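Order of writing sets the labels: A, B, C, D and E. Residues in every chain begin at 1.
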Amino acid sequence: MLGFVIRRVLQMVPMLAAIALLIFVLFSVIPGSFATGQQDEGLGLDMAVVARMRAELGLDDPLHVRFGAYVKQLATLDLGVSFRSRQPVADMIAARLWPSLKLTIAAMGFAIVIGLPLGFVAALRPGSLVDLGLMVIAVSGLSLPKFWLGILLMYLFALTLGWFPSFGYGQGGLWHLTLPALALGVSPMALLARTTRAAVLDIMNADFVRTARSKGMNEYRVVVWHVLRNALVLVLTTIGLQFGSLLGQGVVVEKLFAWPGVGSLLVDSVFQRDIPAVQGCILVITMFFLVINTSVDIAYKLIDPRIRYT
Amino acid sequence: MSASQPLLQVEDLHIALSTDAGSFPAVEGVSFEIARGETVGLVGESGCGKSITALSIMGLLKPPLGLAGGRIRLTGQEIQNLPAAELRSLRGKRIAMIFQEPMTALNPLKPVGRQIAEMFVLHQGASWREAEQKAVEALTQVKVPAPGRRAKDYPHQLSGGMRQRVMIAIALACEPDLLIADEPTTALDVTVQAEIVDLMKELCAARGTAILMISHDLGLVTDICRRVCVMYAGRIVEQQDSEQIFNHPQHPYTQGLVASLPRLGMRAQHGRRKLMEIAGVVPGITAYPGGCRFNPRCSRATEICVKVVPELEALGDGSLVRCHHHG
Amino acid sequence: MVDQALLSIEDLAVHFPIGGGLFSKPQMLRAVDGVTLSIKPGESLGLVGESGCGKSTLALSVLGLVDATRGRVMLDGKAVGSEADRLEVARTVQMVFQDPYASLNPRQTVRRTLADPLRLHGVTNGGEVADRVAEMLRQVGLRPDQADLYPHEFSGGQRQRIGIARALILKPKLVICDEPVSALDVSIRAQIINLLLELQAEMGLSYLMISHDLGVVEHMSDRVAVMYLGRIVETGGWREIFEQPRHPYTRALIAAIPDPLTRGLAREKARGEIPSPLNPPPGCTFNPRCPHATDHCRSAPPVLSPVEEGHLVSCWRAEEFAKVPA
Amino acid sequence: MKLRANLAIGGGLTLLSLFVGVFGPWLAHTDPIMDANLMNAELPPSGEFWFGTDQQGRDIFSRVMYGAQISLTVGIGSQLINTAIGTTLGVTAGYWGGWWDDFVNGLTNLMLAIPSLIFALAIMAILGPGLTSLMIALGLTNWSYTCRISRAQALAIKSQGYVQAARVLGYGDMRIMFTQILPNTLGPIIVIATLGMGGSILAEAALSFLGLGVRPPSPSWGSMLSDARETITTAPWLSLFPGLAIFLTVLGLNLLGDGLRDVLDPQSRSRR
Amino acid sequence: MKRLALLSGIAIATAGLLAALAPAAEAQTPRRGGVVRMTAPYASSFGNLDPHRSGRSQDGQVHMTIHRTLYIWDSAKGAPALELATAATPSAGGTVWTFKLRDDAFFHNGRKMNADDVVWSFTRLMSPGEGFVGARWIRLVQGAVAVERGEAKEISGIKKLGEHEVEITFTQKVEPGFLFYNMTTSILPREEVEKPTWATAPVGLGPFKFKEHIPGSRLVAERFDRFYKPGLPYLDRVEFPIMAEASARDIAFRNREVDTSILGPVQYVAYNNDANLRKNILEVAEVFTRSMVMNHEVKPFDDKRVRQAINHAINTQIIVERLARNKAYRATSWLPITVPGYDKDMKPYEFNPAKARALLAEAGLPNGFEFEWTTSQNESWGLPIVEAVIPMLAQVGIRVKTKVVEVAVLTDIALKGEFQAYIGSSQTGPDPLQTLRCYHSSTPRTSCNVTQYKNADYDKMLDEAGTTDDPARKLELLKRANAHLFDAAPVWFFNYNKATLAFQPWVHGLQANPTELVHQYPEFIWVDASSPAK
């Protein structure tokens, strides 16, 4: 088991390297430069000075030299220094990571707590009005632009009803977390409800459930002893994929709710052409994905005896 | 319950398939009896209704299939309309079933010992600890080597034959009166199949358990069963003693089946002869012909076969046949 | 004798690496491990064996779809393999598949299924293509006007007829029949068996008949080879194999048939289950299941050797079984 | 068990959107770009302006009609690219296997690891806002599912008798992939593309919100909605109608995708 | 004294809507204590807490709170006022200035500010290869450019005369207040700057000291008790919640979760239509001119008649009214309203498509022409404006292809001259001379003359205005230059921004700062007891 975990963790390394290469290449051709992104009005900047800055930052070196330096830097777990704040990118991201994780976990928690039972209930009465109703709700949740949903939530729950604050981080704990987590969590919730429904339906039709019934079990035991865990195995992938990509999906919600996460740092950095910060953010976001999915793989190994990775 | 009372009586069983296009008879007027300890075979090609007949005895039919009439009696008690809870208490305890695909019929995420143990917990109120002990014993009885270790294995770690042994252990755990075996060896290799069949015969004989064997393989059924019912297109067309069926089939369909099989040893005895063919194709449930359902493929068919459904007729020797022109 | 063989397989071995990844070494699956066989023009060879014995791999190597690890396959005097001209191989050997439901492309009409190969093989004249398709359909007992239907519009037996038509459209010399009737309804099987035999007579075909159904094999074969874990354990004329089987495995196969006819034939059933070809037992691979196995069997692998003219057995104790009635 | 309703409702909504997408210019009352009249700015819905007017005094009804074209173009265009990339890689990887399969697998995992919105954001920043960029950005970033599914399909179909038969008949690899495998992978791929279209339309809206969407003169629903977000309290019709258009179209596509999945791809309901 | 002036400044700036209310507000005595929550509206984070590095308006809010420099902008007078300097004396025809510094200014770390800090801070700004944004204000100091180019270690033009006295020599005649009121020239404590924590924990001379920064969420500063203005500041704490999303900001403000909110055109109208909200809106004409910049190196923009035609073809008035919703003042020429030299009698270009067509015909383009118009998505000086203009230009036969880019790219394109025309906003004040120099033929594209406008007459006017010692003559020349630009129409004159800030009724002491409304003077702000924030 330990060997398996180590292998899976090691397998992330080439993946991260490939991602690093990809984003490096992508952002080496991005138009606009950090120097002009630094001020509202870029006029008054001396191009000679800009040129000097570029040279000092090594931006004029050939691509392969820059990539070499980049890799060397990454190899020492250094994400570089932000163009705009002159802080180590790692520090900047560290400051944003916990808020992002909080939001992501809350959103995923919401998705699981609501989505799983919803899918279950729908699957136990397939084709019924309850099923249809729940699935329409779920699909609707998938069909709304997130920012619009966020604004509607704010308008309803913050302004009209006054139940929750409309924005803010770190002041009211869960209170401030509610609306952003809701806005972010609705679509994974909907996806999870659908996947759960499909998975439970699949399992309910499986031969071994027929076996269980032929043993004389009542439906409750059939579900608890034989359906639940098997359905969970099918849903786990969706949970992993959704959870893993939530950090990235968060950009819109973070921007709307002024949530100080990695996503909003990324968007800011893109617009200000703070390339080291952009690269760092994307690396962290993808690393998060990889870590979650590696954990899911390991979890699979724990709950599904069929899986034997080499 | 008198000694002469049959264990299972199926009377005039009808099963309907409901589709958007209407309701179709998947099984029609099926009747047969099984005495205590008796072995009865139900033979037919895929889609003839043999498996759903078995499921209906277990009360496990699922939509779009549904019971449309008839009675199923277990030691005289009608069970087709029993409340769900009472029916459940029969399942596993008095009637047990094993299925064709032992891989999918077992829960892949549970150790097989646990899946056997469930039977003791469900029907004997045993604690899990006791139940798992008993499960190991059950594995010993189905001749699984190293049962203590095997009990902890998951289905995927076992071979097909071993899995089917586990299924048999589950089915026989509570010493049921009747074991329904639905194509129990189809998925297995021939040499393994022989072993499993022997095992089933042996264990059931020892417990006095009756067997309802369902298969498309006439040879297999006659090997195990004392009596054979041949089904075609939702009806029983012939019922015979196993000894007789190969030698004196009565129904043209059975006759065709027997004559069309290239049986080992025939070439040595008779030289290579062209096999007898049954013309046409097996009809689908939604396209059953009127009258005798075999009439479009039957060489003896006459007008009456098209118009009138033949009755199941008793021949003197205890065999039954559903044909206007039998013999 | 070798020069007249349509197909000759010499010491063929096919090994596959299984598993293995960045951090582990793959295991070797010895699917076929030293097989020698030949088929003469017009002859039917029955190949009998259970799952995992390597018969499918053997078929693939005859078709040139799998490369030999060792040995060679000669077809009509030319070596078969990835080097060979695939089109030429295709015109010599064809295959009929087991599952008539999976072996026809659900999105192609029968006409396309039959006409495309013709075009690929250079029959470009539209009229000729149509004629040959129609003729072929007639030969397998279908109506030419059914050519524009899709597979799902046919029954299983009809589909198998289409599968046979596809195999024969290029007029091959050898046809590999891989369990050609086992997926069919029992009442349909005779139709297909008869058809195959008729076509063989009509077109002078050779068959490599792969099946686990001994009745079918006996009925259709001139010679029979029994395969177990990648090796031929016994081969000979159909009569020798089924009336005087020498190898315990062959005898166990016969004994396993639940048919009143064979009930008196053999009572020597095999024990236990087929070992994994990934990890075959030492010595004679059948030894763990053999009722007659000795210590010698457990250590030294036997060689396929003749016990009488044209009857070869790979068993240390073959001689002892010579007189035992099967 | 089958929610036939989803096929009917989804199909209906999708057809409606497609109809508007194709005939939008004829349905529209005015030109969506040139008919700005600031004197008519922000009029509520009325007999003349069914959906009201926007800040520029343009008829929102007309813009929604024209917007269908843009939004659907983004959806369809990006899905065409996705499907082309996904199936090409997936089918070849599944069919050929070996190092190519490993490579494609790695690439797929890579694409999966970078959330597509982030990736699209990066590509949009490089290409600059616009319709073509958007199609490329969304088309390059969402093919991993298609690839996975078509790979799995190709793997499964590869061992089917008819593919074996084609090989036995001497068909070349390309011919087999095109005539035997590809047509039989289409079912699930159509399902993914349908669901993906909805995703693309939503992604367009998200990118518009982030400031990197489709840009005029084309009125896409996403950019209309994004532009109108400030007036949600004062002139709600500005956001309501493009919002509804997105919602109903994506809802339609999602329902249709679910419905098609039940019909075309019954086994894989629980995957994904 | 000064406070009074500033307070009356508010009264003037908010005259009209606030006229009835203002005296009542003045009557109250400022309360000590409390918190004010001023939204940071322009971006979803602060870019850089080092005032030398960031010229972004959003960061300036924080810099005004934590740092100070030699001058400060006096909103009431509309001129720079002395802040850290107590006296500034010119000599040598206005090229050499002697600054006396405060001796009661303390850094938040407790050390007293002295002349060395000024010398060090200005020298740091010119560090080579760093690209400090504030460098542009020091470049006029003699020897500064040599340091920037790495040719010298010290700026020859800056001399420490005493513990609290500095002499600065400029390369030309200047008004140093216009340079050194910028927060990007803040005086910083060297010992703190050299610490590794500097980027995250700034230390300055301002009325509030840095307390906490949650990047992307908010920044908090608390009262500095040794601030050099006695009795100030009033507040215990200033908070800057970051809220870049206008719709979210609107909801938060209405929900009383924040105390100030910058209003966009949409909200400006909405708030003015709300009886409660309209009472507390602060407006000011900012020194930003919005325009469509044409590249005179591209045909046909080299032709004055074409440029004039464009100015005639666009109904600028209706765009200002309807689209900018009067949250802007129509531009007549380059200089904005609050800047000396602005001529309030000057009439803007008349909306006259016929005349535009005639001018085009005269220029040899009777059928109009097509050009590519680059724009950002800014709502006040970007895409929506372009969308409104497109049909107007189409009326006179001018066809527009739009190219939408991000602001960062727009600036890049402008500096490199890779555009035909773009729409943007330029800071046009507070120094009129500096502003007008933008179109001087010696000004390179990279430092403002993006159009590459070149005219000898115009150059002469500006050169004279730069050297004359007669303020009246200077003003006259500036006016003439501005009028010259009106006629030359190097750009399409669109509008001057009207910045509007909504504030909660309990907030007092805000000022209408025309250089940037969000740059408030936090030491004068106080909140009354009705403030819900604690």
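One rule holds in what follows: contacts are C-beta pairs under 8 Å (C-beta built on N, C-alpha and C of every residue); 3 or more make two chains touch, one makes a residue touch a chain.
The structure displayed is predicted, hence computed values, not measured ones.
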Between subunit C and subunit E, the fewest steps along chains that touch one another: 2
Interface with more contacting C-beta pairs, comparing A-E to B-C: A-E
For subunit A paired with subunit C, centre-to-centre distance based on mean C-alpha positions, whole Å: 53
Distance from the mean Cα position of subunit E to that of subunit B, given in whole angstrom: 90
Rounded Å distance between subunit C and subunit D, as computed from the means of their C-alpha atoms: 49
Multi-chain contact residues (two or more partners), subunit A: 31, 151, 155, 159, 255-256, 267, 271
Multi-chain contact residues (two or more partners), subunit E: 247, 251, 405-406, 409
Complex interface listing, subunit D residues touching subunit E: 33-36, 38-39, 41, 55-57, 125, 128-130, 211-212, 215-217, 227, 229-234
Subunit E-touching residues of subunit A, taken from the complex the two chains share: 31-33, 35-50, 52-53, 55-56, 84-87, 91-92, 95-96, 99, 151, 154-155, 158-159, 162, 165-170, 254-261, 264-265, 267-268, 271-273
In the complex with subunit A, residue positions of subunit B that touch it: 58, 60, 84-85, 88-93, 96-97, 99, 101, 104-110, 118-119, 122-123, 154, 156-157, 167, 170
Parts of subunit D lying in touch with subunit C, wherever the complex brings them together: 160-162, 164-171, 175, 179-180, 183-184
Complex contact set, residues of subunit D against subunit A: 1-3, 5-6, 106, 109-110, 112-118, 121-123, 125-126, 128, 198, 202, 205-206, 209-211, 222, 225-226, 229, 232-233, 239, 243, 246-248, 250-251, 254-255, 258, 269-272
